[in-house]
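Both of the next two complexes hold chain A, though its partner changes from chain B to chain C.
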Partner chain A sequence: MSTTAESFDSVARLIEIGRLGDAKRLLGQAIAHEPENPRGELLAGHIALLEGNTAAAETYASAALARDPHNLATGELLYEILAQQKRWAEAERIVIELIRAHPTDADLFASYCHLMLCTLHVDKASELSKEALRLDPQNDRARLMGVLVGLVRGDASTQYQVEKLVSEDPESRWVVTLLFTSLVDQKRFEEALRVGQQLLRANPNNTALTEALVELRMQTHWIAAPARPLARWGWFGAAALWVLALVTIRLASALQSTVALWLAGAYLAYCLYTWIYPPLLRRWIRHRGIVP
Partner chain B sequence: MTNDDLEQLLQPSLKEGQRLVPLYSIRAGFFTAFFGGVFATLILNGLNSWRLGRFGRDVWFYLGAGVLWTAVLLWFSNTLFQGSQAPWIVNPRVLRNAGRVLALIILGRTYLSQRDAYKVQDFVGDDPPNPWPAALGAIAISIGLTGLIVALATRSLG
Partner chain C sequence: MTQPPSHTRDSLEAQLLRDPFDPGIRRLYAEMLLRLGEVEASLEQWRLLVRQSPEAADPRIAVALCLHRLGRESESAEQLTAAGSCSDFDATDSRLEELDPRPTPDNPHDRMESASPAPLRANLRSIPGGRTDLPVADVVSIGSTDVIRFSDVVGMEKLKKTIRLSVIQPFLQPGLFERFKKKTGGGVLLYGPPGCGKTMMARAIATECDASFTAVGISDILNLWSGQSEQNLSAIFEMARSQTPAVLFFDELDALAFSRSKARSEHTRTLVNEFLNQLDGMSGRNHQVLVLGATNMPWDVDDAMKRPGRFDRQVFVPPPDEAARAEMFRQKLLGVPCEALDFAELGQLSRHFSGADIDGVLELAKETVLTEILESDIERGLSAADLQEAIGESAPSTLEWLKTVRNVVKFGGGGRAYRDVEKYLRREKMF
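Let's turn to the complex of A and B:
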C-alpha cells in the first residue's frame, strides 16, 4: 500500500505526461485519505487549469494558499491562473509577494519580466530579465526572457544569443520556438517557415502556430513575389510607394498624358493585386495543408 | 543591484481594475491617415498614446502638428479665395495630398516612438481592437474641423 505522499507524486507525474483522467482518479483517492493536505488542492488546481477551468483552479489555489501561505508552488500556480485571465494587477501583486519571500529565485523574476512585457512595460521588463540572469545565468526562462526583451528592443546581440541557445540545445522546444520568433522578426520568412514546420510536426494541434505558418507560406509563395517589398517594409513601404506613384504620375502627366495614364493604370492594378491575392492564397494554402 | 534598486523594481506598476487595452494597428493608422488626413491621424495616435499611458509626453508633438496644419489651412484658404493670382500649389488636390503626406509622417514618428509596444503586441499575440468606430469618428471630426477652419478663414475675408 503506497503512502499518500507517493500518491501525490504519482498524480504530479500523470499531470506531467498529460494523463489528466487518471490523475484525477488517483487524486480523488489521495484527498479522501488526507483531506487537509494543501498539496491535494494544489494538484487539483493544476488539473483544473490544464482543463481550462480557471474559476475552479483559482478556488483550489486560493484554498491551498490559505492553508500554506508561503508555499512557492501554490503562489506560482495562482500567478499563472491570474496571468492567463489577464488579471495583470492581481498577478503582479502575487509575483511581488513571491519575490519578497524568495528573493533569489530567478524563475520568479523571469515570470515578473514576462508580466511586464505583456503589459508593455518594456524598460522594467528589461531590468527584471537582467536581474533574473544575474541570479542564475543558466536559467532557461531567464534566458528566454532576455532574448525576448532583446527582440522587442531590436538589440543587435540578440541574434547571437539565439544562435548560442540553439547550438547548446537544438532539441529544446522553447529554443526552437524562440528561433522561429526571431527569424520571423528578421523577416527571414523561408527559414522561419522550415523551423515552424518542424515545430508543427512536434505539436500538430497548435492552431496559433498553424495560422502563423499559413501567413509565412503566403509570404514565400511565388504569387506573392511582386508584393515582397510591401511585406519587407510594411505600411512604410505602402506609404513610400504611394508618394512615388503620386510624384511620377504628376511628372508624367506634365510631359505626356498617355504615359501618365498607363502609369496610373499600373499603380491601380498593383494596388488591386495586393488586395485580392491574400484571401485567395490563404484559402488555397489552408486547402493544401502547411506541412509537406 | 543594490537593495534600493531592487526595492524600486518591486514597486507595482499596474493598478487594480485598470484594463490594459491593446493599441490600434498601424494598418488602421495608415487608412485613417490616408482618408482622414492630419487631424484624424492626430486623434487616433492620441488615443494610442492614451492607451500606453504616455499622452502627457506626446501631447506637445500632437499640438505642434495640429497648429502647423491649422496655419497651412488658414494660409491656403486666404490665398485661394483672395484673388485670381493664386499659385499652382494652391489647389485642393495638392492640399489633400500634402495633408496625407504630413499625416503619414506623423504616423511614422509615433510608430517609431511606440515601436516596442507594437512589437510586444506582435510577440504576445494580442489582437488590436476594432478600429472602425474610432477611425470613422476621427475622420468625421477631421472633416468637420477642416470645414470649420476654412469657413472661418473665408468669412474673415469677406
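Let's turn to the complex of A and C:
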C-alpha cells in the first residue's frame, strides 16, 4: 500500500506525462486521505492550469498559499497562472516576492526574465538572464532565456549559443524549439520546416505550430520563389523592387515604348501575383498537407 | 518409440541440418539425447517440437519429463497440465509414471491452476529486487482468465493477417523465418484510438502464441513509480523470462516509456533507460519472450523505444470498419430482447464508433427502453429507432484522436510509422 506522499509523487508524474484524467482520479484519493496537505491543492492547481481552467487553478493556488505561504512551488504556480492570463503587474509582484525569499534561485530570475521579454523590456530581460546564468550556468531555463534575449536583440553570438545547446542535448524539446525559433529568425525556412515537423510529431495537438508550419511551407514552395526577395528583405525589399521597376520602366520608355509597356505589364503582373498567391497557396497546403 | 538402428547421432544431426522442419527426425534426435543423458539439449529439441505442434500432447509430456529430470518441478507441472488439455493426451503414456501428479484430459482447468497468478506472484517474489506488493490483478496467465483468440476479435481481418505473419508465426516458427532470412524478433507496438481493441488484440496474440501472458497496466505502472522503479521493472522482465514462452504486454506504454525529451524529472529518464536496457538485454538473452506495447499516444513514447530490436514494428489498430461494427451490434445484442434489426444499417450509421462507443450506444438505448417500459408497463424489445436515436445522441470518441494524428501525418511528415494511418484517413476521406 503506497503512502499519501507516494500518491502525490505519482500524481506529479502523471501530470508530467500528460495523463490528467488518471492524475485527477489518484489525486482525489490522496486528498481524501490527507485533506489538509497543501500539496493536494498545488497539484490540483497544476491540473486545472493544464486543462486551461485558469480561474480554478488560481483558486487552488491561493488556497495552497494560505496553508503554506512560503512554499516556493506554489508561488511559482501562481506566477505561471498570472503570466498565462497576461496579468503582468501581479505576476511581477509575485516573482519579485519570490526572488526576495529565494535570492539564489536561477529559475526565478529566468521566470522574471521571461516576463520582461513578454512585456518587451529587453534590457531588463537581458540583465535578468545574465544574473540567472551567473547563479547557475547550467540551468536550462536560464540558458533558454539567454538565447531568447540574444535572438530578440539580434546578437551575433546567439547562433553559436544555439549550436552549442543543440550539440549538448539535441533531443530536448526546449532546445529543438529554440532551434526552430532561431532558424525562422535567420530565415532558413527549409531547415526550420524540418525541425518544426519534428516538433509537431512530438506534439500533434499544437495548433499554433501547425499554422506556423503551413506558413513556412508557403515560404519554401516553388510557387513562392518569385516572391522570395520580398520574404527575405520585407519592406526594404518591396521598396527596392518598386524603385528598380520605376527606374527600369523610365529608362525603357526613353529608349523604346513597347519594351516599357511590357516591363510595366510584367511589374503589374508580379504585384498581382504577390497579392493573390498567398491565400491560394495557404488553402492548397492546408488541403494537401506538407508533402515532402 | 525407439530409435531405428540405422540412425546415429551424426546422421540425425546431418538430416536436421538439411531439413530443420522434419518433426519425425527431430523427435528421434530429442529421444536420443534424452537417452544419452543430455537432458538440457533434449529439452531444447522438445521445445522446438512443441512450437511446431502446439496442439500435440506428446512433445509437451516430453518437455515436462526433461524439466522434471532437471529438478524444475513447477515448470514441469505447468507443461504437464498443458499437455493434459490437449485433445490427443494419452493418460496411459508410460512417461507419465515418472511424473506426478498426473493430469486428466477431462480436467483442462489443471492448466489454469498451474499458471494462476499465485505462482506468478511467487516467482516475482523469488527474483532479487522484485517487489512483493506489485498488483497481481493484471498479471495473469491466459489460461487462467478469459481466453481470447483471434476469432473472438470482431473484424480487423487484414490486421489479424498481418499480425499472424509478422508477429505470431516468427514467434512460433523462428527457424522457418531464419531460413528465408526474414528479420524476426523485437517488440510490437499497437497504437490507435482508445476503445478499439488494442488490449484485446494483445491478449489474442498471447493466446495464439500459446504463451503465458503478463500484462502491465497503468495501476502497475503507478506502483512501479514508487520505490525502486528500475528493480521493479527488471523483476517483471525476469518473471516473463522465467515463464517462457511468454508474452509481456505493456498497456499505456507512453506512461512507462514517456519521451525523455519531454520529461522534466530525472526519475522518468532513468526508468526509460532501464526499460531500454531490458529490451536490449532480452533480445540477447531470451528469444521466447514477445514484448507487446499498446498506446493511444505513440507520439509520447520515447523515440529510442521505436528503434530496431525494440518496438520496431508499429501496428495501427484502427476503429472497426462498417462490417465489424454491424457484427459487434449483432454479438452484443445476443440474448437481449430486440425487434427485427438491420445490423448492416446500424454499422453504417455508427461511422468511426469504437467498440467502447458501441457499448455506450447500447447502454443508452437500453436505458431509454427500460425507462419507457417502467413508465408505461408495456414490455417491448429494443427497436431500430431506439438504437438509431442512441447513435445520434452519441459522438464517436475516436474522432479527436484521428484529428490529432492527422496533424502528424498531414503536416508533420509522419513517415513510415504512420503510413497505415495515412491510408486509413484517405480511405475514410478524413485526410
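Heads up, the rule we're going with is that the second predicted complex is superposed on the first by the 282 of 292 C-alpha atoms of A that agree within 3 Å, B and C clash if a C-alpha of one lies under 4 Å from a C-alpha of the other, contacts with A are read in each partner's own complex, and residues count from 1 in each chain.
FYI, contacts are C-beta pairs under 8 Å (C-beta built on N, C-alpha and C of every residue); 3 or more make two chains touch, one makes a residue touch a chain.
All values reported here derive from a predicted model rather than from experimental measurement.
Aligning the two structures on chain A places chain B and chain C next to each other without any clash. Once the two complexes are laid over each other on the shared chain, residue contacts for A:213 go to chain C alone; chain B is not touched.
When the two structures are aligned on the shared chain, A:28 is found in touch with neither chain B nor chain C.
Looking at the shared chain after the overlay, A:265 reaches neither chain B nor chain C. Of the two partner chains placed around the shared chain by superposition, chain C is the only one that A:202 touches, whereas chain B remains out of contact. For the pair chain B and chain C, the least inter-chain C-alpha distance in the overlaid model is 20 Å. Contacts of chain A with chain B, set against its contacts with chain C after fitting on chain A, share not one residue.
Residues 133, 218, 222-223, 225-226, 252, 254-255, 258-265, 267-268, 297, 299-300, 303, 404-405, 407-414, 431 of chain C touch chain A in their complex. On chain A, the positions that touch chain B within their shared complex are 86, 88-90, 92-93, 96, 99-100, 103, 116-122, 124, 127-128, 131, 134, 148, 151-154, 181, 185, 208, 234-236, 238-239, 242-243, 246. Residues 1-2, 6, 9-10, 13-14, 16-19, 22, 26, 171-173, 176, 197-198, 200-205, 210, 213-214, 289-290, 292 of chain A are the ones that touch chain C when the two sit in their complex. Residue ranges of chain B in contact with chain A, taken from their complex: 1, 6, 9-10, 12-18, 20, 26-27, 29-30, 34, 52, 97, 100-101, 104, 108, 115-117, 119-121, 123-125.
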